[in-house]
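Structures for review follow.
Both of the next two complexes hold chain A, though its partner changes from chain B to chain C.
And then the complex of A and B:
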């Protein structure tokens, strides 16, 4: 038996890979059911208005049109992941106050259900909506202080979330500093651009459940939100995930889920038993789902000549867009991470999330972490320059270590390894640890009049799992079959495989723990009728949370097996150590139970004639605790790095007055294979997390965080210019270079 | 809308299809022939997920009208496998973990296959150039490049 052990740490083949390379894998849009109808959404396509009237009379008369649904057809016309502030359908006729208001261009007004897709298109054009346009609120900084113009008239202010941290004595800390660096930063909106646009199919299953096959990140949360809007008990709703075409946080909130459920349920009530299918176009996808939050930041940090950071003050304002989505949680992370992985004695942070008429912002890989990291790392790099100290050396003098107090005044969970990560990354990039401290390598490449080289350093930490008191747990169920020995095992788990390889990891855990060959493990995944609550595939939590749930369920099942139960069936709900919310005055809290740590060095060249930045090499050191599948880890590091490259250098999402100017993949440019770095050197550290499953930490988001500030530091090294706003498109770079002269 | 009867040779077999004159080749493959391995990521020639071989050349099937394909020879991702045996490039993508969500994969496979057919020994630059029309949001492309290189080696060993 010993020969099959050690499934952990092996790059085994993904169980879904064969179907994906032969075209057999079914994504939501690939599923067809007999007699299916089609659904299309009528989007508002205007940022702020009151709907006076919706006339559907012509549309419903078109032969082949089955139904047209509006606000009055939604039993409970509201939804939202953290607060129910969004109407399912905007318009008059529902009980939800102010639901007749349209608050961003992607607000939905009507659902058209017909025998064919082209009929839905035709009928859509026959719907007449009377709008009364309202002034557009598009600047979060203005909206923050303007209580006259409200996005949600039932609230007193556009600010819907405020946190503050008060640690130590800021003024004293600034007084102790020899240098103070002030900064104003702006981070951009980013679009997920997962390759599979939103799609799904809904039907009534054999147990009369409204069943939705869709690509999401959290089956049970989808189920709950659908149940709320349809006013049905959750067990009357069934959510199933087939293959998912990328997510990155962009499928954390509802898109087509409630619409599809509503349509199938409505048809059933009309006595029509027809599945309903929908596929969004790329443009509908881009206006229809949330984005990464832009941040507007003012900050000042102080340090002594010895490189000790004495104080940090940060004000964060973010644009939440029209609805809250996960803004409050994203802001929690940014509030914590804007002072970096450093122990700073005196900290003052104030953060505000503000409603506007822009596309809502929400979950996106890193979840507030990248914005926070950008501020912290740029500030530290500028402090280092100001006191003439190496950027690695200043970090070494301030990094969080075992027992360090965070800005929120509680110690870090055990297993802090950021110093090891920084050490390794610096060494790999040619830094020397001399008796005068760390020293950067000399740039070996020759600058010309036009081409300038630079390298930049940054490091970050990112929580694993839900934070700040959010309920956190994950359930697994295991069945062991056989007589004398275990012949095969079945795992029931909801954890979503969004492409990262979660299901591969689950199977590896099972094989390792049961000492079974891979082919003896069967996985039943992501179906609320069969699998338990797992929480979302987000927050770098799935390996950690699901891994722990599988360990627990296997242990319980083995106990039953020993007691001769056949099959031995056991469930286990893993709950990590509790976290707590920010104290309203001081911010004091236990924010997280686990972290992952990462450092990066970026080596690049700037063409000072064209403004083009070319990435020569990226070194990424990531402590993943235990690499359950090293090739999957590598895939995450490279994928995150290139996504971060898009964020830092090219992705320019343009909204003006609430309208989107980049609704396609030819106007919103993401990295192609010609844009990527010459080389990405991924270095995996395995410093076990004391409470991780077999030591594993989360890692899917971490490599995204330090990338942009490392690029900015490298560009500064090359040109002498600090960029406090990105993406660093050639136009932005050139105009700054000209300014400098 | 007028419809047309067209004939295509697809993945080795002959098919007669009746198509509306404004239907894209992509829609025809997915809706009329149930070849859902061909993906729609944009329907505007911007992502490459719909790439197929048409008369020996990779094309974005969303940018071709179905009627234009009358008489053409087409290969989709479903046609890369012979009698259940995967092609070297398919094996290589699996081996190198070049498949994450897999939505770009059918298009990548066709573009890579087209490259290797016309140039069995491409340089890294040639590999990158051949795949510039295929967006992938998950992998960062590094494993994809590795996979194409590995397929080149596999072909050499077979020969």
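And then the complex of A and C:
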């Protein structure tokens, strides 16, 4: 038998690539079923109000309208990934207290189901909603202390989550410092801007399950939230993911899922057996799903002349928007990562998540990490400047190493490689490790009166997998078919391929472990009726978690194969080492079981006449443990870099008094092919994670984290100005340049 | 059946056989019909509910609408429905009117420029129109077929406000013509957008300059600014400075400052008024510098 081995480490083509490029792949919006009805959402489009009355009488009389659903039609009118604080439909008539309130412009008021899409649109205009507007709460910093104006009147405060870390003695640490850098930072909202807006189709399947074909990140979590709202057992709900057009965290929470399920189930009860389809417009998508959290930060760090960081104090206030979504978890990460990948003896962190009437904020690539990294890396770069030390050198003197204690007072999981990553990145960018320590390269490009050049350095770490005690596991089922030899194998797995290539990776693991050619591996994916609990495609966890589950399932199946079971069928649930939540007083915890490490150098130029920043070169060194598919790894590095470029320089989400002024992709701009860096040099390190599958670590989010602070450092090198708030739009840059004079 | 954009209302697509027929139809259906060429603005505005026309009157198939003709004596004629890509790629335009090619190439994306037209850009009367400035400084004149027959409309008096022009119901612009450019001229269009592809301009600066014995300075400049006023803005004060004073770095500075002081931009999602004014100064100065270096 020929050896097929070494499928791991090979840049094989994604099996779905050709279909996607040629338009053959079916995304939820492309799927049509015979006799389908259409659904449209009536959004509140006002940030804060009480609904006095909803009059649907005219709409339901329009010929072709099948049903109009409001709050009273939702069996359990609440949902939420972390807490059930959001009504499915806002309005009077449900048991949920205060569900008659709308708390942001994207709150949903009614679902219109009709024979055609244009009829839903027509009927929507015939619904009359009587609102009593309430004062709008739009500033998280004000809302934090204002207990008179509440977004959720059943709570005592707008603050819905607070963490604190107390390590060592902050005052002592500040006293030991030769320099103290104080900073106030603001990070912006960011929209996911995935290519495929929310869409899906729901029907009752042959086993009477309410079945929803939709794009998401976690089939079983969707299933659970739908089941809760419909007051049905989870096994009466079936969630299937067809091709998914990008996610980036933006599909972690519910959008169309519950609506579609409710519609199909309601029609069934009316005796109507019709699939129900919906597609959101881009505008609906932008107001209808959450964004990346803005953070408001006050901080001070101290260091000695020798470059030892002695203390860090950070206060984080984050705008959760109208509902919690994943704010508490995102803030957990930010709370940990705001002091960077450094061992600091004295740390005090306080973080607060606050409700407002803004669009909710939630999961987005990096999950609190980018905001934390921005603060930490800017502080370290400023400390380096203050003590006249090279930015790489100061990092080398403080980086976390094997056995280092985190701010939460527990040791890092084994396999810490941030020092190797920083070393490699510095070297690649021309730094020299001299007797006097690391020294930055001289900038070779000549400045003119108008164009100024600069390079900047930053590094970050990011957890792989769920953190802070969240239940974490991943299940795979494997079937081995054949007689004397394994002829083909089937993998059942829920892990979502959101475009990153997860399913390609799964197949590569199977082929490697079973020594089978790729075409002998069949994948049955993301269908709660057939595939087990996998957890979400988020937290850079899918390769790590699914890989481990596949390794376990293959091993179990091979044991049965040896015992002559045909087919040999085995399941395996992988559980990583346990994590624990923050201690309420000290914050002490075991936050994570694995990390990925990354460093970046950004080389750019600033046009001081227009404020435009042009990226010449980005060097990104990323330790991925084992690159299962190097091409996909490079794709993630380049994709994360470009998405971070938008975050750092261009993407300007404008919200005032709870209303958005950028609800389209012509007002909210993301980088185009002509804007991206001239060159992205992706350098992959493979320092095995001791508990990663074949050594692999997660890597999907990591390259996003250091980008903004590296840009800010480069702009500082070019202009002498520190930017503590971004995006660095030309206008913001010019305005600061003029202040400087 | 499956309407991809439920906001796009139903409309009738009218394909008249002659210009006269088209004009007649447009007059008969005043306020509910429009001439249709590339459609890059019409379709979007109809989808978004801003325009509610019942009829789109196809005119791009009519004779001469997509032709480009250059005559070394009379100048250039571009059929109204000629795509921007065809304008930008035409050898005579690249050779004799490179400023127009440059401006056409700065519009949105290649795909869009396959349908978008220079005349459509002008008739839209957006103050942000990228090709309007070049068309104005090059002395563009529109040929219009209206209910009363053929006439011409110079661009200098064409714009009345955002989206508003002197065109009346029944009017169909059939072509834009340009005279032979002045001897020794050079031009420059600088567009500042938020991204490098597809954005509308935050500010656009078009400059054309040439030797002119009739002015005190010996040179004449035409300067048109985009996105800084309700209509494409002629920076007359800056032009006057450059006509009257012997050109020097200080005079170029003064002209750029005059351009800035003369315009009255607004705040919007793309930029503040303050930034726009600063950019008018900096980019006018930059464009003047480039043009002056070539013509002096």
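Note that in this section the second predicted complex is superposed on the first by the 739 of 741 C-alpha atoms of A that agree within 3 Å, B and C clash if a C-alpha of one lies under 4 Å from a C-alpha of the other, contacts with A are read in each partner's own complex, and residues count from 1 in each chain.
In this text, contacts are C-beta pairs under 8 Å (C-beta built on N, C-alpha and C of every residue); 3 or more make two chains touch, one makes a residue touch a chain.
None of these values were measured; they are calculated from a predicted model.
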{"item": "Which superposed partner A:731 touches (first chain B, second chain C, both, neither)", "value": "second"}
{"item": "Touched partner set for A:339, first chain B, second chain C, both or neither", "value": "neither"}
{"item": "Which of chain B and chain C A:609 touches, first, second, both or neither", "value": "second"}
{"item": "Partner chain(s) touched by A:549 [first = chain B, second = chain C, both, neither]", "value": "neither"}
{"item": "First, second, both or neither for A:501, with chain B first and chain C second", "value": "first"}
{"item": "Contacts of A:223 with chain B and chain C, given as first, second, both or neither", "value": "neither"}
{"item": "Contacts of A:674 with chain B and chain C, given as first, second, both or neither", "value": "both"}
{"item": "Comparing the two partners chain B and chain C, which touches a greater set of residues in chain A", "value": "B"}
{"item": "Common interface residues of chain A - those touching chain B in one complex and chain C in the other", "value": "32, 281, 666, 671-674"}
{"item": "Sites on chain A touched by chain B in the complex", "value": "11, 13-14, 16-18, 20-27, 29-30, 32, 192-197, 243-248, 279, 281-282, 498-501, 631-632, 634-635, 638-643, 664-666, 670-674, 676, 680"}
{"item": "Chain A-facing residues of chain C, complex", "value": "2-3, 5-7, 192, 194-200, 202, 269, 271-272, 275, 278-279, 282-283, 286"}
{"item": "Interface residues, chain B side, partner chain A - complex", "value": "30, 34-44, 46-47, 49, 76-78, 80-81, 86, 90, 93-97, 99-106, 109, 128-129, 131-145"}
{"item": "Chain A residues touching chain C - in the complex, by the definition given at the top", "value": "32, 116-118, 120-121, 281, 609-610, 612, 650, 652, 654, 661-662, 666-667, 669, 671-675, 729-731, 734-735, 738"}
